[in-house]
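Pasting the structures here.
What follows is a pair of complexes built around subunit A, which joins subunit B in one and subunit C in the other.
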Partner chain A sequence: MRYLRNILLQVVILVLVALWLLPIYLMVLDGLKSTSSVLLTPVLSPGGISPSAFLSTVRDLARPILNSLVVTVPVAAVGTYFGALAAFSFYRYTSKISDVLFSIIALATFVPFESVTLPLARLIFSMNLFDSYLGLIFAFLIFYLPTGALLMSIFLVSLPKPVLEAARADGAGDWMVFNKVVLPLMMPGMISTFIFIFIEVWNNFFIPLVLIKSPDMRTATLAAMRYIGGMGVLYNDTFAASFIISLVPLLVFIFTGKYFIRGLLVIGGGTKG
Partner chain B sequence: MVKIVFESVTKVFKRGSNIVEAVKDANLQINSGEFFGILGPSGSGKTTTLRLIAGLEEPTKGKIYFNEELVAADGQVIVPVEKRNVGLVFQTWALYPHMTCFDNIAFPLRVKKLAQSDLDERVNKIAKTLGIDEILYKYPREISGGQQQRVSLARALVKDPSLLLLDEPFSNLDALMRDTARALVREVQQKLGVTTIIVSHDPADMFALVEKAAVIVGGNFKQIGAINDIYERPADSKVASLLGEVNLFEGEISAGRFSSSGLSLQLDTKASGKVILGLRPEDVRVGSTEPDLVHLGKFTVLVGSYQGGAFRITTKKDSSLLVFISDVPYKAGETLDLYAKKGHMKVFDQAGELVGAA
Partner chain C sequence: MKMRIGNSKILIFSVPVLIFGFILLYLVLWNAYYSLFNWSQLSPVPKFAGLGVYAGLLGSQLFQTALERTLMWALGLVLVGNAMGLALAALLYFVRNSRLRTVYLSIFVYPLAVPMAAVGLISVWLFNVKMGVNVWLAALHLPTPLWLASPQTAFPTLFLVTVWVFSGLSALFYLAAYSNVDQSIIESARVDGASAFTIFRRLLLPSAKSASIVSTALLFLFALRLFALPYVSTGLNPYTETIVVNLYFYYISTFFSSSAAVSTVVVVIAMIVIIPYAMYGLKRWISQ
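So, the complex of A and B:
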C-alpha cells in the first residue's frame, strides 16, 4: 500500500516536472532549428540542429538584457530595502493612521498595471522621464514598493519580539535596531522578496511597452517581441530569444533558491524565528 | 542607582472591543539599590508592570518617576527605553541569534561607541565574573540554557545599568540550575548594588532573592512588604496561597469556636461569623508533641508522597482535606491525631481578607 502510494507520488511529480519542462524543451528544440525547418517540422519534434538563431539573437539581446538588468536590479534592491524599512516602521509605530496606510499598501499591490496606464504615462511624461531608465525604475517602484512592504511585514512578524526589545533596552535607537538586528535576522526574507520582485519586474512586458520608445532602451521582454513582425514570425529566433531571456531569472533562482524556500517556509510556518 | 516611583499607574490594553485592565491604580516605591520582587500568577499584570518600568509600555494613566525625573505619564513615554539605562533579562533570554556570545554582550557597548580596547576589557571582565569566558566565541544556539541565561545577564550588566529588570529569568532552567543561577544573581546584585526588580510566579525566587516584594493579583497590588511578613501575615487567602501551600477551611466562628464540615476547634480570636481558616502544612503536628497546640481531630491518611527531604501527607476528615509536611512517612489508611500550632492559623473573612491570627 505504502509502496503503491510512493509510486503514485513519483508519477505525479514526474508529470508536473514534464509540464514545467515543456516550455524549456520547446524553446531549446525550436530555437535550434533553422529558419526553414522550424516552419516545416511540427513544434514538438526535432528538425535538425542549427546554431544560427541562438547566435544572432544573443548579439541582438545583449543590449536589451543590459537594459533590463539596469532597471530590474535597482527596483528589486530598493523595493526590498525600503519595503523592509516601511514594514519595520509599521511594526514599531502602530496607530489608527498606520493601520489605514497599511491597508492602502495592501490594496495597492492588487492594482493591475493596465488600469493605470494613462495616468502613469502622463506622470512619467510630466516628469520628463519618458523613455529613460529612471522613468522605468520609478514606474516599477510605484508598483513594487508596496509589494516589498507587504512581503517584508509578513517576514517581520516572524521575528521574536523580545530580541528587538532587548536591542532597544541595550540602548539602540530605531535605526540601529533595524540595521544591526532586524536586517541580519530577516536576510532569508529579504532575499525571497528580492527574488520575487526581480522576477516580476524582469518578466514585465506592459510597463516598458508603454514607457519606452527608442530601440536602444528596449528591455529584454520588448526585444523578444521584435521577432514577431506584421508579415510573419521568426519562430526559431523567438524561441531562442525567449530561452536566453529566461536564463537570467533562472540563474538568479538557482543560486539563491535555497533562501527563497527558507523565506517561504517562514511565511507558511508562522511564528518560528 | 535609581529609585522608582509609581503614582496611581493604570495600564489598559484595547484589542478591538476587548478591554483589559492589566494594572489598576498602582502606587509603588522601589528604593535605590533595593532587590525588589513582583509576585503574581500568570496574567496578573506583573510582566506589564515590569514593561512599564522598562519603558516598553506607556501608562494609560498615572506617572512613573526615576528618582525625581518623570519618565512616563498619562499615555506617553517621556524617556524611552533606550535612554533609561536598564538591563533587561527576558524569560526567553532574547539573545541575538546571529551574533556570538561576545558580540551579544558587547552590543550595548558598541551602541555607546566605546573604544575597542575598553570594550574587550569590560566584556571579558563580566564574562569572567559570570563564568562564561570559555564560550564567548560560540553562538547562542551552541550553548546550554544555563549558559544562555548567563550571557543574557552579562549583556544586561555590562553597560553598568542603573536598573536591572529580570522577567521570570529562571523558569526556563531545570531545578538544579535554578538555585545556582539564583545564587549568582544574588551575589552579582549585592556586589554591584544595582536596583533590581524580579518578576516571577515562583515564591521560591522571592524567598531566595528579594528584600521587599509586591504581590499582584488581577492587576491590583494586594500587598507590599518584606517577603517573610507577607508569608506570615498575607493580606488575603489568595496572597496566602500564592506564597506557598495553605489549607483553607470554610466555616463559621461563634463564641470563639470554629466549625466546618469535619472540624470543630476552639480558637483564640475575636472574629465571628462566616470565615475561612488558613493553615500552612508546616504548622501541623501529629500528636500533642509540643506546647501551644490546638487539637484538630482524627484524620485518615489518603496518600503520602516524598519531596525534597520531607513527606507530604494528604489526609481527610469527613469532607475536609488537609495537607501537612512530616519528617516521617505515613501509610494510606492510617488514622492520625492532628494538631495545629497556636497563633499560626490565619482567619480570613468571607471575602478572603485577613482578619487575624489564631
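So, the complex of A and C:
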C-alpha cells in the first residue's frame, strides 16, 4: 500500500515537472527548427533541425545582452552592499527614528514601478540621463536599494548576536564590525539578495521601455519584443530569442540557485535563534 | 529581544539607501499632487481640478475594466498561488530522497528566472489555436479552447501562466515551514498509521502561517507589477480583457494628470493591502 502510494506520488510529481519544463522544451525544440519546418509542424512536435535561428538571433541579441549586463551587475552589487549596510544600521541603532526609516524602506519596496513612470521619466530626463546606462542604473537603484535593505534586514535577524557583542567588546568600530564580522557571516543572505535583484533587474521590461529610445541601448528583454512575429511568420526566431534572453538569469539560477533557495528558506521558515 | 540602543552615528550607514528611498517617495507624492490638476497634451498648463480627474476616471469604462482585472488578478494569484504552493510543497515534503527533492524544487522555482517577456513570447505560440497545445488536445479528443484568441478565455489563460510562474516560489516558503516541524512527531504519527493527508492537515498546515505571510505579500506584489506578460502576449488590441491597470496607465500616458491619478490609485491599493500586511509579518520576524 505504502509502496503504491509512493509510486503515485512520483508520477504526480513527474507530470508536474514535465509541465514546468515545457517552456524550455519549446524554446529549444522550436528554436532549432528550420524556417520551413517551423511553419509546418505544430509547436509541440519535433521537426527538421537547423541552427540558423539561434545563430541569427545570437548575433542580433549580443549587444542587448551586453547592455543588460552593464546595467544589471552594478545595480545588484550596489543594492546588496548598501542594502546590507542600511540593514546593519537599523539593526544596531534601535529607536523611533530607525523604526520610521525602516518603515519607509519597506513602503518603498512595495511601490509598483509602473506607477511612477511619469515623474521618473521626467526626473531622468532633467538629469540628462535619458537613453543612457547611468539613467537606467539610477532608476533601478531607486527601486532596488530599498528592496536590498529590506531583504538584508530579514536575513540579519538570523545573525548570532553574541558574535557582534564580542566584536564590540574588543573595541572594534562599527565599520570594522560590518566589514570583518557581519559581511562574512551574512554571505548566504547577500548571495540570495544579489541573485534576487539580478534576476528582477535583468527581467525588467518596463523601465527600459520607458527610459530607452535608441536601438543600440536596448536591453535584452526589450530587444526580444521584435521577435514576436505576426501572422505565423518568424517563429523559430521567437523561441530562439526567448531562450537566449532567458539564458543569463537561468544560468545564474542554476549555478547559484542552491544559495538562493537556502537564503529564501531562512525567510520562509522564520528564524529559530 | 533587540540589541541595546547603539550610537546614532551608525545611521549614516543607511544614507545611500535612504536617499533613493526618499526619491521614490517624492515620485509617488508628485503623482498624488498632479492628479489633482487638469493637465494633458491638450491642456499643457496644469489647472487645479480637485478630485475631478478621479471622477472622470471612475466613469471611464476602460479604467473600470483595468481596475477590476488588476484586483481579480491579484486576488486570484494570492488564492491559487498559495493553494498551489501548499500542495506542491506537501508533495515535495513526502519525497524521501533529499537531493531529488532539491532538484524538483529548483524546477518549480526556475520560471521566476525566466523573463516575463520571454514567457509572453512562448505563450503566444503555445496557445496558438492552430499550431499550439490544441494539436495535442485534439489528438486526445479533449476540448480545444480558443485561449488568447477569445475575450472569454484570454484572461484565464494568462492567469494560468502567472500561476505557473509564481507558485514555485510560494512552494519554497511552505516547504521551509514544513521542514521546521519536528521530525519525531511526524514519525510517531506515521507509526500510529496516520495517512499522508492527515499528516499534512494536522501537522504541516498549522506550521505554514509565517510562510503564508511572505508568500502572500510577494504574490500580491508580483501581481500588481504585471506588465510585460499582457503587453507582449495580447497588447491592448484586439481585446481589453487582459488589460491591467499598468497597461491602462501606459495607454493614457499622454494625459498626464489621468495617469498620475491612475498611478496614485495603484499605489494606494498597494499600500492599503500590502503595507499593514507586510509590516505585521515583518515586525513579527524582526522582533522575534
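To be clear about the criterion, the second predicted complex is superposed on the first by the 259 of 273 C-alpha atoms of A that agree within 3 Å, B and C clash if a C-alpha of one lies under 4 Å from a C-alpha of the other, contacts with A are read in each partner's own complex, and residues count from 1 in each chain.
In the analysis below, a residue touches a chain if its C-beta (ideal position, glycine included) is under 8 Å from a C-beta of that chain, and two chains touch if they have at least 3 such contacts.
The structure presented is a predicted model; accordingly, all values stated were derived computationally and were not measured.
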| item | value |
| --- | --- |
| Room on subunit A for both subunit B and subunit C (clash or fit) | fit |
| Partner chain(s) touched by A:Pro23 [first = subunit B, second = subunit C, both, neither] | second |
| Partner chain(s) touched by A:Ala224 [first = subunit B, second = subunit C, both, neither] | second |
| Subunit B versus subunit C as contact partner of A:Phe255, first or second or both or neither | neither |
| Dominant contact partner of subunit A by residue count, subunit C or subunit B | C |
| Arrangement angle, subunit B at one end, subunit C at the other, subunit A at the vertex (C-alpha, nearest 10°) | 90 |
| Touching partner for A:Val43 - first (subunit B), second (subunit C), both, neither | second |
| Partner chain(s) touched by A:Met176 [first = subunit B, second = subunit C, both, neither] | first |
| Partner chain(s) touched by A:Thr117 [first = subunit B, second = subunit C, both, neither] | second |
| Which of subunit B and subunit C A:Tyr93 touches, first, second, both or neither | second |
| Which of subunit B and subunit C A:Pro160 touches, first, second, both or neither | first |
| Closest approach of subunit C to subunit B (Cα atoms, Å) | 5 |
| Overlap of the subunit B and subunit C footprints on subunit A, listed as residue numbers | 165 |
| Interface residues, subunit B side, partner subunit A - complex | 54, 56, 80-88, 90-92, 94-98, 107-108, 111-112, 155-156, 159 |
| Residues of subunit A touching subunit C in the complex | 5, 9, 12-13, 16-17, 19-23, 26-27, 30, 42-45, 82-83, 85-86, 88-95, 97-98, 101, 103-108, 110-120, 123, 141-143, 145-146, 148-150, 153-154, 157, 161, 164-165, 174, 178, 199, 202-203, 205-206, 220-222, 224-225, 227-228, 232, 235, 238-239, 241-243, 245-246, 249-250, 252-254, 257-258, 261, 264-272 |
| Complex contacts: residues of subunit A adjacent to subunit B | 160, 162-163, 165-173, 176, 180-181, 184-185, 273 |
| Subunit A-facing residues of subunit C, complex | 2-3, 5-14, 16-18, 20-28, 30-31, 88, 91-92, 94-95, 102, 104-119, 121-122, 124-126, 128, 131-133, 135-136, 164, 168-169, 172-177, 179-180, 196, 210-211, 214-215, 221, 224-225, 227-228, 231-232, 246, 249-250, 253, 256, 259-260, 262-264, 266-267, 270-271, 274-275, 278-279, 282, 285-286, 288 |
